[in-house]
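What follows is chain A paired twice: with chain B in the first complex and chain C in the second.
Presenting the complex of A and B:
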């Protein structure tokens, strides 16, 4: 980290604050640094350390095994299955959440009366806690008491998320996407408002119908928003959906909806295989870091125009 | 190719605000009609109604004799150059120009030849692979023009297309637009608040104020015979000198009490252009002319001409003199304007 006190102004447009005291700037950033160190770096370091340890079933002896846990985890068919489940779940959730949100946002633009109310109502689901959202969907689609499950059955669909893995995944994706739609909606509405009206008018005069205008002008101009949301949604589906998975399927039936995050919890806190669990955490960490790196690379460069 | 006819066109917003209060204009084929007026006079709204971007509250807009009120902008076959150009930022110059043709299902090779031919006319050939953000203001302006021209539409609309350019470029583009419009022979409607642009471009000049047309005519006719005090003060720079008259015992009189014998009885405002008056230091005055004793308060030398700001007849007036002014601040002199160069306006501001 560069101490702000001695940094020269060259090359920078924004004027920097210059401290006369050499120690003060460090003191001022100390609380932030302390929080980061205690709550982020320390646990991360611990996880990394633990990932190289192996304990006996009673937790009496601990052995340092280098990368053996990683080798074991990556060779485990259950883990590979979990990766597959996670990819399917994350992509499906991100795509469903974004498509529905975009559709709603485009429609909300057309609302003439009560636009504000309409938008506010669409944002509410975001305030619902994940576990509650999960329960809601669980009840709605419960094969024995769910009203929507009843409807599906009356259409001749043998709906059973408790036994059918695909049904469980659909349920999970619906619950996870439903919660994220509000957030995406908000960003898409903002993104749509940022598209200059004159461009749409120009396209209309250029003979483009409404659908054509959307796909050739509006959608490309939404690219920065879409890309940002794609990253946010993927990260959400990857890491923030523990509550929903836990409430809706608990990773079942079998292991058909066991995502990576859920497996970390299962192996570590239920099965108490701490070494494996820590190794999985580290792998997850690497995934997050790479995703973030990709995001920054693109956001820095901005898929932006004008 | 096309005529544009507006009949008693009105625009009333849901809030009740009447932006355009009944305008009738006929633009003959191949002519350039300029709508000029101060901001908020309804000229842009009128243009947008011709374009189909605003609904028409009442009255009719007809293109080539066919009423287009209920036809959307997509089907009107009109091209518009927007004030901020409205170029598609994610498309290259080539695609910006080809967009309208593609939407109309023009064959690919024809699109290519038309885009390249248009680019050549506008000297954009070297820029076809650039994106709008990589262009200068003047170049963007050209692309916006190109996008309109390439489609070969029935009507061109211009919404203050030069207002984002610097003065020099504006002068240059003004000439270019005029030449292009003439050589292409496309009926055009051009909106501006710049009276110089309006004067130089227009075949038909429409002066608008507060949602109404003040005067329609050839630019020089409007200049020489302004229909109202508004037109008189809006067209021409510096504007026409307007002196209030009051009803004296022997007819209309200036604010300083001097009666003007040859004034029409109902005139309440006297006007003359800065270039229609001479200054003289002598005492002898020609008969049948307006003679005002004046005190020079400021001198503005512009180079080829100078403007004398004077206090005269109880008002402040501007007089143009050729070359360097011999008068200096504080000089007492006489301003002489020939009677036939005087304009008279009545109580309602209308020409007498």
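Presenting the complex of A and C:
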């Protein structure tokens, strides 16, 4: 938590900042530390402790079992299935949300009149709460009353997200990605504006076509934005989509859309198996910490900051 | 709603202030999961109880859906802040029963307050479900329902079926459903809410076949599911076959199928009697029939098992509070209170006297079909197969069953495979839960 005195990575000669007062710095970070302690370390510690217990819902009988819950969870085919579901869902959501947003951002750049209006309209969906976004899509694609489901049927597609796992996943990814497109759009628009016009104009004079210009100049220069969004979107798809899953599919049909976060909820709060649920959330915590660490330590270095 | 909340807040504050000065009033907290018209019933009953005496003040608190209320109660108990009374849905009954140290049996609450609990005054099917194998009543039945058959009379007419004779057996349901579909009267013939509750738990009781060993779990101990017996397999294979061409349409795991029926998409539906309100409100030309039974079953129709919820009392409260709870339960058993609850909410009355009084008032003549769920539940003395089902982890076992049904209805497995899987996975989960 305490930052190193000098960065060992850069090795450059940065002047060290020295605080004459020994107490004041600690006082100044104290509120932040207190918040982190209360809202992260305390519950995380509780989860870790709970993950080693086997307990009835009311906590009347408690048995300390060391890592038995972890062994059980990791050997459970339903858990492994849930990992697979999460990977598919997160990747699909991140890719769809980012591709569509990039396309929209590039298109919006080309608009001459009413640019502001377009942008505002495209940013709107971000203000919608996940559960509401879920309900919205659920209604649109409801096999009996949904207008989009009706259209699909008239095209001869037997749309049935209630029983067809692939359809359910498509519905879930659409809802989750739709909600994230606005956010990505905002960042891509900002990123596009930072691309020097001179470079593009020079390339144009050298005879590079529009597509060529985009892939060789604009896209590489957008890399920092893309990388940042990749992190944000993955974390979003992993954790912030509980409301959507809960509203749209509830993990079904079968277990085809039961993501890791949804399984933690379902095992803990519906099935009341607290030990398993706690073990799963500890595993989830480890996954996030390592994912973030990998992304920032490794992937970030490969990003070319223009 | 908003102004009501404000008024309630003001009232609560006032009560809080006044109760410190008037020291004899004991507050009794009641956490419940009732919404809409049923929430109004809770409020009215509480208000009337408070007006009827001056020693106790009942404070009802809405805690969300059934599972949310149960979770809130569990969390509160763990934090040492449990309410006096909590409403727990049927599926959570096993969870509460397993928590022996956390609850005080309703019968004990009544007897320790100097009251006697006369079992014969209550509907046997309901009280039996909420009692221990030795007969001690553990929780007080508040709202009970039973699955019945609803049908759309307009669709029946269009399909050339007799609008006054709903199908009585499942085979008749399949036949009628096929006719509805074939005649083009509706896109689908039959749909159902709650497959686990209606087509497994009540199917077993109504046809007098075993759902699980140990009296379906009521006798406790190691319970093993029996739902892959031929009668279940045949039933579900028929459903799966009808699902192929859309004669049977799946709506979802809980009550979602009601939408399909209300939209006029399906001609017949099986649903809880508690769902009647929405159907009445839709203005549909509907009819009600008994829950269908299997014509191959010898004892059918036997009796259905109660759904709904009951009131549990937490342990470690003061004697004063227990006296207040007992007074409230006594009040709740009064004939006029039960009559009000039954007629307003559509749930079953708990006492025989309230049932008789409702009958005498001509309510059932004016509201055809409202008596069906009561007749279903009380028609015959329950057998070991029909007292209800109980597991410490019924929500989880139902989830497993639903998952297997969905795979079956999607054509990925046969009924035999689905039910075999449900038994294997369910038994493993039950063993795990009992091993705690």
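Keep in mind that, in the parts below, the second predicted complex is superposed on the first by the 274 of 306 C-alpha atoms of A that agree within 3 Å, B and C clash if a C-alpha of one lies under 4 Å from a C-alpha of the other, contacts with A are read in each partner's own complex, and residues count from 1 in each chain.
As a convention for this text, a residue touches a chain if its C-beta (ideal position, glycine included) is under 8 Å from a C-beta of that chain, and two chains touch if they have at least 3 such contacts.
If you're wondering where the values come from, they're calculated on a predicted model, not measured in any experiment.
Chemist: For the three-chain model obtained by superposing on chain A, do chain B and chain C clash or fit?
Modeler: These partners fit in the superposed model.
Chemist: Taking the superposition on A as described, I'd like to know which of chain B and chain C A:198 touches: first, second, both or neither.
Modeler: Only chain B is touched by A:198; chain C is not.
Chemist: Can you tell me whether chain B or chain C touches more residues on chain A?
Modeler: C
Chemist: Once chain A of both complexes is superposed, is A:206 in touch with chain B (first), chain C (second), both, or neither?
Modeler: first
Chemist: In the superposed arrangement, does A:152 touch chain B (first), chain C (second), both or neither?
Modeler: neither
Chemist: Is A:55 touching the first partner chain B, the second partner chain C, both, or neither of them?
Modeler: It touches chain C, and chain B stays clear.
Chemist: Please indicate which partner A:216 is in contact with in the superposed arrangement: first for chain B, second for chain C, both, or neither.
Modeler: first
Chemist: Between chain B and chain C, whom does A:272 touch in the aligned arrangement: first, second, both, or neither?
Modeler: second
Chemist: After the two structures are laid over each other on chain A, how near do the C-alpha atoms of chain B and chain C get, in Å?
Modeler: After superposing on chain A, chain B and chain C come no closer than 51 Å at C-alpha.
Chemist: Please report the chain A residues shared by its interface with chain B and its interface with chain C.
Modeler: Touching chain B in the first complex and chain C in the second, no residue of chain A appears in both lists.
Chemist: What residues of chain A sit close enough to touch chain C in their complex?
Modeler: 54-61, 63, 144-145, 162-165, 250, 252-255, 266, 269-273
Chemist: Please name which positions on chain A make contact with chain B in the complex.
Modeler: By the definition above, chain A touches chain B via 196, 198-199, 201-209, 212, 216-217, 220-221, 223, 305-306.
Chemist: Taking the touch rule as given, give the residues of chain C at its contact with chain A in the complex, in rising order.
Modeler: These residues of chain C touch chain A: 67, 71, 74, 77-78, 95, 98-102, 250-253, 259-260, 263, 265, 393, 395-396, 399, 402-404, 406-407, 409-410, 432-433, 436.
Chemist: Can you list the residues on chain B that touch chain A in the complex?
Modeler: 51-53, 72-76, 78-80, 82-84, 86-90, 99-100, 103-104, 131-133, 147, 151
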